[in-house]
Each structure stands twice: as C-alpha cells, then as structure tokens.
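Naming follows writing order (A, B, C and D), and every chain is counted from residue 1.
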Amino acid sequence: MPVPDYSSDEMMTVSAARALRDGITCFVGIGLPSAAANLARATHAPRLVLIYESGTIGAKPDRLPLSIGDGILAETADAVVSVPEIFNYWLQPGRIDVGFLGAAQIDKFGNINTTVIGGDYAAPKTRLPGSGGAPEIAASCREVIVVVRQTLRSFVERVDFVTSVGYGSGPGTRQRLGLTGAGPLKIITDLGVLEPDPATQEFVLTGLYPGVSVEDARARTGWDLAAAAELHTVDPPSAAELTALRGFTASAKE
Amino acid sequence: MPVPDYSSDEMMTVSAARALRDGITCFVGIGLPSAAANLARATHAPRLVLIYESGTIGAKPDRLPLSIGDGILAETADAVVSVPEIFNYWLQPGRIDVGFLGAAQIDKFGNINTTVIGGDYAAPKTRLPGSGGAPEIAASCREVIVVVRQTLRSFVERVDFVTSVGYGSGPGTRQRLGLTGAGPLKIITDLGVLEPDPATQEFVLTGLYPGVSVEDARARTGWDLAAAAELHTVDPPSAAELTALRGFTASAKE
Amino acid sequence: MAEIVSLAEAVALAVRDGDTVAMEGFTHLIPFAAGHEVIRQRRRDLTLVRMTPDLIYDQLIGAGCVRKLVFSWGGNPGVGSLHRFRDAVEHSWPGPLELEEHSHAGMANRYVAGASGLPFAVLRGYAGTGLMAEGMASVRPITCPFTGEILTAVSALNPDVAIVHAQRADTSGNVQLWGITGVQKEAVLAAERSIVTVEEVVPHLDPRPGSVVLPSWTVSYVAEAAGGSRPSYALGYYERDNDYYVAWDPIARDRDAFRRWLDTEIFGMAETMGGR
Amino acid sequence: MAEIVSLAEAVALAVRDGDTVAMEGFTHLIPFAAGHEVIRQRRRDLTLVRMTPDLIYDQLIGAGCVRKLVFSWGGNPGVGSLHRFRDAVEHSWPGPLELEEHSHAGMANRYVAGASGLPFAVLRGYAGTGLMAEGMASVRPITCPFTGEILTAVSALNPDVAIVHAQRADTSGNVQLWGITGVQKEAVLAAERSIVTVEEVVPHLDPRPGSVVLPSWTVSYVAEAAGGSRPSYALGYYERDNDYYVAWDPIARDRDAFRRWLDTEIFGMAETMGGR
C-alpha cells in the first residue's frame, strides 16, 4: 500500500463523519465530534441536523465552528433555544438519534472519563474539565458514537472516573440505571473502529484504517483488545472528503 | 349628595383601579380586573406593569383588551413568554406584587369559586368555566385584590367549591397550606370595599360608595357582614377617571 | 420530516377514534379548521386535552366526538358559558362527558413534563383547592428531598396527537409561529403525532421577533389552511372575529340550533383546503 | 426598577465578600469586564457558580477571590485546561478550592428551579456516574408518585448575585440580549441581586429575532460596558478573540506570569467604564 497522503487524524475525522447517516439528528459534543459532524454535513449528509448544547438546533455553519457556542451556530440555526430547554425538551426525551462525544479516557465498556485522572476525586493528579453535557448525551440519545485518539493513556481497562456511562460494568447495567438510549455503538479512533461485542458489551476491533495492524491497535489499548471475525479495512478518505475537511481546517485558522 | 352621573359598575372599576399603586407589577385575571388594571395604567399608574397569563409581560394596550389573549397585549409587551414560563418563572416565585382576580362566588374568608354551583362536583347544577390561572395567582402573588359584583348569589357564607384559596377556614390556613402570598387584602364590589378583619380574617366592610348604606351592602351579602369602625365613604369617580374609562369602553365596542 | 398534505389527509392519517388529542392555542391561533375537519370525519370517543377549551371544543363536544375532557378553563372568553360543554356536564347531552380538571399552571406543567420525557412535574399549586380535595389521579403531593417541603406533582401529558395552527411553514415543513405562542411547542413535543395547520407555506422562513420555530422533524403533518384559526386570530394575518364569539352563544344554547349549525356549517361544507 | 450606574458602583453595591455569585454566558456574552472589576475590588471568599467556568473564572480563582466553585465544565474552549483552576484543585494555590460539580443538565435545571421558586428540579441524569457516586449533597434520587420510577432531583440554585452581559438596555433599564442566550435569564431570575453590563444604553429597544428581554424590575443594576465581554463575543457588536484564548494558556500555566498579568491588566487599569 502506498504511503497515504493524509494524516491519521484526518482519517479519524472522515471515518467519524461517515458514521452519521443523512437526515438524522445529531447532538454534537465539544471537540473532535464537531469537526466530524460538520464534515458529514458538507459531504454525504447535507440534511444532517446538528444540535449543540449551547441551544442551537439545525445549525448550518459554512466553516468549522470554533466552539459549541460559536456565533455562526446561532446565526445559521433553525431555532436557538435556552440551555435549559435544549437539555429538557430536546435531549432528555430521547428524540435525538445520535450523540457524538469525545473523551479523555475511555474503557472497554465504553465508559467515558473527562473529570479526573490519577489520585482520587478530591485530590486528583490531573484535573480535567468535567462533565459538560456529556453524561446526559450518553444517557439519552438513541445511540452514541465516540471519537477519540487511541493511546495507552486514553484506552484503559477501567476509567478513573465515570463521567458518562457507556455499558457500565457490562450487560444489564444501562437497564438497571434506567438509561433510555442504547449506549455507545462505535468508538472511532485514529487507528480504526471499535464496536461492542453483542454478548459481553466489551469493545472489540471491527475496522482498521489502511496500513494499520491489529497489533498496532493492541499496542495502544490498555485492555486485552480482541479483533472481530468480520474485521474490515476502512476505505481511505476520498478526494472529496479530504478537500472538504481541509477547507474547513483552513477556514478555521483564518 | 346629588345623583351621581356614573353607574355602580363604573364606580367599582374606578375603585379597583385606585387600589393599584404606580410602579408595581400586577398579574391580571380575566374579566373585570383587566378593565380596572388598564384604567389604572391610563390614569394614576402609568408605570404599572401588567402581566397576563397568556404570557405577555409589561403590555401597554391603548384600548381595552378584549381577552387575556388579545393581540394588542403581545404587540405592546416588553416580553412575550410561553404559558409554562409565565406560571413557573414569573408567578410562582412570588415576584408579582398584586394578583387581580374576579369571582363567580366568594365567601367571608375570601375563597373564590369559579368551578361549580349547586349539586356536587360530579353532578353540578351550574357548571362554570373552572380554574384558569386563578388558584396559583391567589396562592403566589404577594397580595390579592378581588373585583366582583356584590349579590346574595355571589357573596356566600361558604363557597360551593374552593377554586382559589383566600384565607381558607381562617387564621393559619395559608401557612398550613404553604401558600407564599399574603392572600386577598381587598374585595372591591359595586357597593364598596371589603377588607379582612386582622383577627378573624373575615371580610368586613371598610368603604362604601356615595349613596350606598351599610344596610344596602348587608342586604346583598350572604354572611353576617360587619362594618369596620373606620368605615369611610369612597370618593366618586373624578372626571378624568370617567373620561378614561368611557374612552376604553367606547373603543372596546368599535 | 413533516409531510405536507391536505388538512383532510392530515386528520385521516393522524387522528383515530379513541385517541387523546390536544388542540392548543391560547386565545390566539386556535386550530378551528382542523377541529371542524375532525367533526366532519366523525371521530368518536376522543379524549380532548386543552387548557382553554373554547368554541372549537364546544362544537366537538356537541357533535358527539368526545368522551372525556382534560382542561383548566372552559368558557366563551368575554361572552360567558360554553353551552354545549355545560349541557354535556349538566345533562349528559349528547352523552356523558368525563372531566379531568386542572389549573392552568398544572396543565402547563403537565405539558412541560410530557415534552421533557419526564413522568411528572413539580409546582406550587392546588394546595387547599377543591381540585385537590376531589383527589384526582393526576395530582399528588411530593416531598422535596432536600428541604422536606411538601409540593405538588402533576402527571405528564403525552397526547396521541397534538394539533396546532401557525402562521407559516416552509417547503421543508419547518413551522413558525409568533405573538402569543401559549403552550403549543410543548403540546407538539409531548405528543406522539402532530398536525400543524398554517396560514401559508413559504419558500423560506425569515427570522421574526418573538417567533417559535418547530423544526420539520418534530412535526408529523403540515397542512395549509388559510384562515384556519378563524374566528380566533392569526397575528399578522387577521384579527379575532369577536362578533362570531357573541353570535355563538344563542346557537350553542339551543340543541336544535346547534344541530342546524352542524349540518350547515360543518357537514354541509367540503373540507375547504383542498380536501378529497 | 434597575438603577443605571457605573460598573464600579454596581460591583461595589451588589457583590460582598462571602457571596455566592453566578456570572453566566455560554461562550457568548461572558461578563469579563464585570469579573475583572470584582478582582479589582478584591472580593474574597466568593462561591462562584457557572456552567462553563472559562478564562474569567480562571482569573478570579488565580487572584484569590474564590473559596468554592459550583460548575459543570471548566476548560479553555478549543485550547485546553484552565491552569489557575487546575493549580487550585491540584496544589491548593493560591488557596484550596472547594468543588461542587454537576453536569450541564443538572446545573441548568438547578437554575430553573431557582428561577421558579422551587427547592428542587427533576431530571433524568447522573445515574451511574462518578458524580452520583461521590454523594453530592445537591443530588438525590426521587421517586415519581405516579409511576414509581426513580429519577434524579437537584437542589435549586439561588445565588446572592447574578452577573451577565447583554447587548443593550434602554434608559428605563430593560435589558435585551440575543444570539446564544444560555442560562442567563434563569440566573438573573434565580438571584437575589443582579448586575447586567451592556454594550450600550439606547433610548428604545427594538424587537429583534431571538431576543430575550429582562424587564427592568427584574434587574438590580445596569452598567454600560462597551466591549464588556471581550475576549468572548457580543453577537452584532464584535467577534470572539480566539487569539486571546490561545495566548492565555502560557500566562495561566505560570504563577509569576499570571501575577504579572494581574498587576498589569487588572490592578494597573482603572475601571475602564467610568469608574470612580
């Protein structure tokens, strides 16, 4: 295989964008998910409905928003509502198809940590930003997709703190907790794609990017990562995808 | 005293309007209170803030609104909010100075009935419109003023149905029920003004319109109505008050 | 995504016998045309929900469409009683009418709970009232887990169908209403299905002060129905026909006059907005 | 009725040592000028409340004004950490910082409860999270009295003072803001006192799409502060200074650099909006 003329971050963003079907509603978390969601809308999913926790519903930015409260989101939205309303009327009832989240740490059951790393909660080694909207996005969207770079530090056996619940400690946890959404169906990284094993709900490797091996992925995973029988190679970014993505990135830097 | 050139309904509306101090906030109930509140704003209380349960805050109609949802209220308001918001953010916390209510039946403790008369609740002799916003206006405004024509049918010993609580069964009731407002401080009728006795919370006559006697009022009251020691005669409508009121009434009929 | 259909189609597709139906509109934007089409399609055993049942519910009750009414204020605003409503309650004509009665604050919060995916809402209300004394199943005390204070819980409203009228929709089915917007957003978001009638379908919705937008994907059917809220009003389109509200009183007082009105004004009229 | 005063006066009159203060603004309209004036007036022992503590709270924490932080997301959006916040949590510099931590949904509902005069709000949230496991006093389970379902209650937020920035006020003190309006209305209505800084005081507020109006009688003090939310933005007035957010990172990483910034940019500057 020739050396690809795209970065692993670009492949990750393209792969995440592809996970969003046209016409669905997507609650977009802060960070990497926003780039991927906007790329999806600019390529194969022009009718993707983007919803941000800042209260903007149906935003149609023509450049990459710099934050979840970027003015372009309000200016191009179908509706702008208050922050309480976005959580109570729009997220909580389960009317959003996909929650699109990032993570600082994620474990084999798809639980996400963005709160503290090391030490304990009261005296942490590293204080992270905290919950934001993620716990309820993870609980209430019909399904969740996580976009995160894969490293030994971020892919851990058990998160230091459960900011947002994936499958908790495995089958039955979400039901017991009364979480209405199905939980995380994909983790999309800079190496490939992980999906939960239907029986154990442990995340296993189901897709790899061109040039990445199972061993590469295992070397950057803190749990004993299995590969699915139907492991496939993800198509590299198309010229159209790369052009759109780079257009966004360039406009963001202007 | 010469025969007055105004009707008892006009005297009632003028008297009710005078009860509203300039600059206060007033939650305006349906019917007679709306005419009086708008008259107050047109005369001595230009900075009176009118709030309607339809969601209009600070409406400044230049004619009498024909209903609590009249378009002129939205068009002249400082803010128009949803119906849930008007009750939850504006009425419930006790931030409104005066609740201004009408009644079909009212009793000696200022309890109001606008639900059913005669028979029982399930099989009433007369079915009235029901609660509307009144129960929570009566509960949560800092104080309440009731505007109602005085008749033996409307002024009863005990209301057939407690739609909105005044003083319940007397001292201590409002505290026991957790009602945050002070309750009804005045009943303004087409004969005069009643106020609660500080000790018993029974309404007693404190003001009479020119030409009306205590006996006139007692003859139209279904409980043993007492007159306060400081019973006074209410000033007749001024020319300015009558002109403003009649201007409203004329514009309402156009 | 909302389908843009005729009003007759929308009612045929969305409203079934036995449904719980909320037609909302607080004085303003009352969905009269849709209500008339429900009568015309002879729906039965409906549970009707509405904060302020006015003429349109008087008409539906008199026409025999309604088994139960969930409401907080049932009158003819500025005129007096709803006589078909009273006749049903007081004399069971044309049939008995079950009531589930609330205050406005309670009803508004029941819609909020429904729109929020919660089984109940909390408010300060009902304490000491006859409604509380009647022991309605949809009102219960609830204790604050922090202060111990006792407040009131009301159960959520989640109608099968919400029907509202709005000024405009765009060709994608996004809906825009302004002026007094009442509890319409909550009713649509709380309901399983929804019909929005609009004064006009336009290519593009211009932002307007005070407007509420319901995105197309929250609405089931949009039907163009110019004048669809007469004799109520549509701010920016037409004013309230106050004479109609006055004229309704003698019609509604008399069963025969009402029957004649039904035959002439409802069953004698084709669905006026391009019905089949 | 709101008093129109200078920013220095507003802070002097409204913010006291030991107060609970909520400065809100969701990325947009963050009240930086007011926050800087609080530092300049050397308030101490504040409990700061805010869904998204960003640079302004990093600055207040580093300056030693803060005893406790009530929040749901504390970062430098698009850049990374708030280093003064981290230094306080990780190394108790310049003093220990007590945390009361929530999710956005929880914080938003706590303001809603506060604005609504209720002691708590109910939501679907926190179940299974570490925040629930930490057993915070402001989060408790609550049982639906109708369905028996267990949901989550959060206690109301009623700050002593809310401080927000808006685009405009009129000469009567009515306030208008538009764009992303976040939780500002709720914060002001929940608080005992409030300060609203505005880009400009105008004779009359024209209705605008998407605008929220806070009537004068709900606000304690209005202070004109043009540019008062820089480096955040004020839609219609100026854009976000993204370079400032990037440049803040190295300043905040280093205690000495931060001290120099404080001396130069805060204490070295007179209150810029007509202070005394």
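Things worth noting here:
The criterion applied here is as follows: a residue touches a chain if its C-beta (ideal position, glycine included) is under 8 Å from a C-beta of that chain, and two chains touch if they have at least 3 such contacts.
Keep in mind the model is a prediction, meaning the values are calculated, not measured.
Two chain pairs, B-C and B-D, are weighed by contacting C-beta pairs, with B-C ahead. A straight line joining the Cα centres of subunit A and subunit B is 57 Å long.
Between the Cα centres of subunit A and subunit D there is a gap of 28 Å. Subunit B and subunit D have Cα centroids separated by 40 Å. The multi-chain contact residues of subunit C, meaning those touching 2 or more other chains, are 112, 117-118, 123-124, 149, 151, 185-186, 210, 212. Looking at subunit B, one finds that residues 88, 92, 140, 180 touch two or more other chains.
Here the chains touching each other pair up as A-C, A-D, B-C, B-D, C-D. Note for the complex: subunit A touches subunit D at residues 30, 53-56, 66-71, 73-75, 80, 82-84, 87-88, 91-92, 113, 115, 121, 124-136, 139-140, 161-165, 168, 173, 177-180. Taken in their complex, subunit C has these residues touching subunit A: 1, 112, 115-118, 174, 185-186, 189, 212-215, 217-218.
The touching residues of subunit D, when paired with subunit C in their complex, are 117-124, 138, 140-142, 144-147, 149, 151, 153, 155, 207-211.
By the touch rule above, subunit C contacts subunit B in their complex via residues 26-28, 51-52, 71-75, 77-78, 81-82, 85-86, 89-90, 101-105, 108-109, 111-112, 123-131, 133-134, 149-151, 179-183, 185-186, 210, 212, 233, 235, 239-240, 242.
Here subunit B touches subunit D in the complex through residues 23, 25, 49, 57-58, 78-79, 88-89, 92-95, 140, 180, going by the rule given at the top.
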